[in-house]
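Every chain is named by a letter (A, B, C and D) in the order it is written, and numbering of its residues begins at 1.
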Amino acid sequence: MANSKYEYVKSFEQPDVLLPNTWIVVRIDGKGFHKLSANYGFIKPNDRRALDLMNAAAVAVMKDLPDLCIAYGVSDEYSFAFHPSCQLFERRSAKLVTTIVSTFTAYYIYLWGTYFPDTPLQLTGLPSFDGRAVMYPNSRIFRDYMSWRQVDCHINNLYNTTFWAMVQQGGMANRDAEQELKGTISSDKNEILFKRFGINYNNEEEIYKKGSVIYRQYQLEDVKAKSDSSIQEETSPLQEATPSRTQQDKMRKLRNKAQVVVDHVDIIKDAFWERRPWILSGKPGKLPVEPK
Amino acid sequence: MANSKYEYVKSFEQPDVLLPNTWIVVRIDGKGFHKLSANYGFIKPNDRRALDLMNAAAVAVMKDLPDLCIAYGVSDEYSFAFHPSCQLFERRSAKLVTTIVSTFTAYYIYLWGTYFPDTPLQLTGLPSFDGRAVMYPNSRIFRDYMSWRQVDCHINNLYNTTFWAMVQQGGMANRDAEQELKGTISSDKNEILFKRFGINYNNEEEIYKKGSVIYRQYQLEDVKAKSDSSIQEETSPLQEATPSRTQQDKMRKLRNKAQVVVDHVDIIKDAFWERRPWILSGKPGKLPVEPK
Amino acid sequence: MANSKYEYVKSFEQPDVLLPNTWIVVRIDGKGFHKLSANYGFIKPNDRRALDLMNAAAVAVMKDLPDLCIAYGVSDEYSFAFHPSCQLFERRSAKLVTTIVSTFTAYYIYLWGTYFPDTPLQLTGLPSFDGRAVMYPNSRIFRDYMSWRQVDCHINNLYNTTFWAMVQQGGMANRDAEQELKGTISSDKNEILFKRFGINYNNEEEIYKKGSVIYRQYQLEDVKAKSDSSIQEETSPLQEATPSRTQQDKMRKLRNKAQVVVDHVDIIKDAFWERRPWILSGKPGKLPVEPK
Amino acid sequence: MANSKYEYVKSFEQPDVLLPNTWIVVRIDGKGFHKLSANYGFIKPNDRRALDLMNAAAVAVMKDLPDLCIAYGVSDEYSFAFHPSCQLFERRSAKLVTTIVSTFTAYYIYLWGTYFPDTPLQLTGLPSFDGRAVMYPNSRIFRDYMSWRQVDCHINNLYNTTFWAMVQQGGMANRDAEQELKGTISSDKNEILFKRFGINYNNEEEIYKKGSVIYRQYQLEDVKAKSDSSIQEETSPLQEATPSRTQQDKMRKLRNKAQVVVDHVDIIKDAFWERRPWILSGKPGKLPVEPK
């Protein structure tokens, strides 16, 4: 075959399979969204349309990839998590990352008009995202990763809320507000918001304070009955964690039937995970009983 | 800072910097385009609208990333090549791949309506692409990679042209055509085309036979003057290959001024590369003199 | 400095840091030991001198590297395990592997004369070892790795014991013995040993049947008091698992004081690990009370 | 089979194949040789016995591994180079590195007594080496690597020669000599050596000034006939560079017949490489005609 002369170049493709039995998080980030949000006139500090668009794209990605356990989004970034037992694309890193980045981008562009009906996209300033995959060896560390992002969300949102109140309502110059906030701690910012602008930060919308959590919905577990379910799954042997093909098909069906929900809740404390044990266990729960 | 407690999770991010001084090719492929092309009614064996859309998206990617030397596309795949001296994103693999995949996807979705005005995209069947980066240690091997893709284009297009002639014009069942073509060589297919359907394969459009090459246009070199320029660049020491910041800025400007062109020509023989030495050298040529 | 012109070549050194918080096993294997054991007249099926030499070299490696938790040896291979919290050489793979391989080789060559006083080493047939590092994300999987090696030891030793009995005591040709053993299961081999040669496999020496386990000795724990300590450590957060510098120094001292022992016991069942919780926890136990 | 339950752990072994068609350099370094050289009373600034031992071990490694093209040693480090066409151990990094490190260590320990007949090795201070593999994409960069090491040799040896002359012959305290040398350039050190101690650095032994180069000896080429042979090999296509099995066998035989020589010559300038084209080409030359 004429092609064989050149086919040796395939030998330069190097494997990039991720370590088995680890959590895989693909985090994507908007490219140049600082400039982009200015171009398209995003509202500061939070543009609800932009967040709803991010969430809509992420929900669509979750539906397309039943292997995804959970996703967490804040601002122009989204983290998608595959369970340690995931075998999708033989766990090839580039395949997993590019599939998520491309699918997310496709939905984001396609759905733009739904959320920004009056602000059409322009060819010279299209939104795009980069991404990478990171492995976390067990659930405790994976949860610490998720906590890290949510704490980050809180810190940034409190800062931005205060900053833009000072600028938009207080009439300060950006630089002056920045200067005054330098070195302040949370309580300082809360006080500025409340004393100067009558804003009680606690009353801000949950989506801004907590970010967005996306997962499949099954029947919630009774917390009291469970003791420490959240941290037990990684001790089960791999054979158990790698189900048979039949089991995988069954689980895939259950996942497809489950509703994908967007929540704005605390994911740092144990309660969230204990009530939804299917996220860390990787095994679908029971479908919720439909109200008659 | 409250966040520091969780920040240790950053230590799980592993570096993915590609080896310096190697060619980097990012190849992207349409995901599930067999089904997708059926859904949207792509014409067989080649849908000119689909190819033009691929090319339009690739041209836009080339313009966005001046570090790209050349790109080659066929069917639903595109290969984008960075020169060995490229320092973009510190040569981080995931960053390079996801940027290209996401940017390409964004343009593809955005421009869809221009090329398929009567076939709107549907939410449940959006196009997306996966991709990966591969290193090639020198220009000879890089050119062999490009030859591999173009030979592949030829082989597939001759097969598809013959197959669909037998089905569409000859009224054969897909399976029967497949069966008859099994084990045939090029001359057999040429003969089938000519004898049964009066088709001279050589007269088929170049875009189908050769695929699409995209590069920046400078003044073409006189081939006779050059002997083996195409294979000399990798012997120059790295210092030379890694230009100073000022030189880089100057080169970036020259690249931005150059026109990005789409060609359907042979890239296997030396002539293409010898007349366009800037592609393998990584150094911009002279801008073409504008006709008055 | 004159050197700077060439120093750019350092940029080609790529990082090889292993994922944090995973078990690291460095397994080394004798190179060409089939031929080597013939050259130096190793006794079949097991040469006690050769095994004692392997163990002496492994004990010396364990003493040199207090970061090692446990080692397991069988035939001409040895597995050395670093705890997930290990930070030695910043967890660089090549550094960890080559240090163990080279140190082990040095002791093996140096101590050869002690174990083979009548068989001096020859320049043209020096023993050497290769090795590699593998990560295991949690203790369950790490224990499965250890079990894998010990089951392998059992399978090979039962086979070899039977084979060599048939050849050495039964006078069979190697090929015939091989042929007869093809497809047999454990009970078959036990029966051959017992019926033909009066050998009760259970009475064979433990070092041959179980291999050799090397670890630091502290006060054994009362098993009944512990329930499932063996599988809890990986759920503790990394901060806890990565002790302060002072704690590390203290732990290093405790490790240096502990006796390094060689055991030939079951490491598949829980008992071994439950009585020696310091192996999986990575935290030194209490030093044994010396008998007066 | 009983073992299959645990065999899944093999899936955690990740591939580490180095990029095809690149130079592979394995550099090994003595571990803690500062302390070790003090323990065993190495002569300063250069201990000829120690260097001869390093070279003897390296020659033995070169003979054991015909795939090695060239080696360069200085002080307690040695660099071993595999040609881009090398397929040994399928180019697996850990296998290549550990084989060299272990073989080198074995010879070093075994041959110690030959070079240090009056200074026996002690169990608690055995020499050992660590190592790593680095890829260089073409001959120019590989030669720059070799130049880097030889320039380093020169810089260190000039410094050490001057420093120890000041201490040993000049009676200065270590700290004072160190202080005086801070910031000096080559000419300063040459002057100190000559004016104070009557030492002409140029007359020092070549082995100290140039380090040691080891390679296979064939008939030297006439330099004038060759123009730029040294930098052409990497442009040949891989097929050519990857010879058939028969050719490989033939080449292995020629390599085994060639004498392995130790030289102390300049490897920075072109002359060394032009006269010995087989090193960069990876193809054995003609065996030298034996004088009758």
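The criterion applied here is as follows: a contact is a pair of C-beta atoms (placed from the backbone, for glycine too) under 8 Å apart; a residue touches a chain by one contact, two chains touch by 3 or more.
According to UniProt, the chain labels map to these proteins: A, B, C, D = tRNA(His) guanylyltransferase.
In this text the structure is predicted, and so the values were computed from the model without any measurement.
Residues touching across the chain A-chain D interface largely coincide between the two copies, over half of the numbers being common to both. When every chain is reduced to the mean of its CA atoms, the largest separation from chain D belongs to A. Centre to centre, using the average C-alpha position, chain B and chain D are separated by 42 Å. Between the CA-based centres of chain A and chain D the separation comes to 51 Å, rounded to the whole angstrom.
Distance between chain centres (mean CA atoms), chain C to chain D: 32 Å. Contact with two or more other chains is made by residues 8-9, 12, 14, 19-21, 135, 141, 144, 238 of chain C.
Chain contact summary for the complex, chain A toward chain D: residues 5, 8-9, 11-12, 14-15, 17, 19-21, 238-239, 242.
Here chain D touches chain C in the complex through residues 1-3, 5-10, 12-14, 16, 28, 31, 60, 93-95, 97-99, 101-103, 105-111, 121, 123, 126-136, 141, 144-145, 147-148, 151-152, 154-155, 186, going by the rule given at the top. Those residues of chain D whose C-beta lies close enough to touch chain B in the complex are 19-22, 84, 135, 137-141, 144, 231, 234-238.
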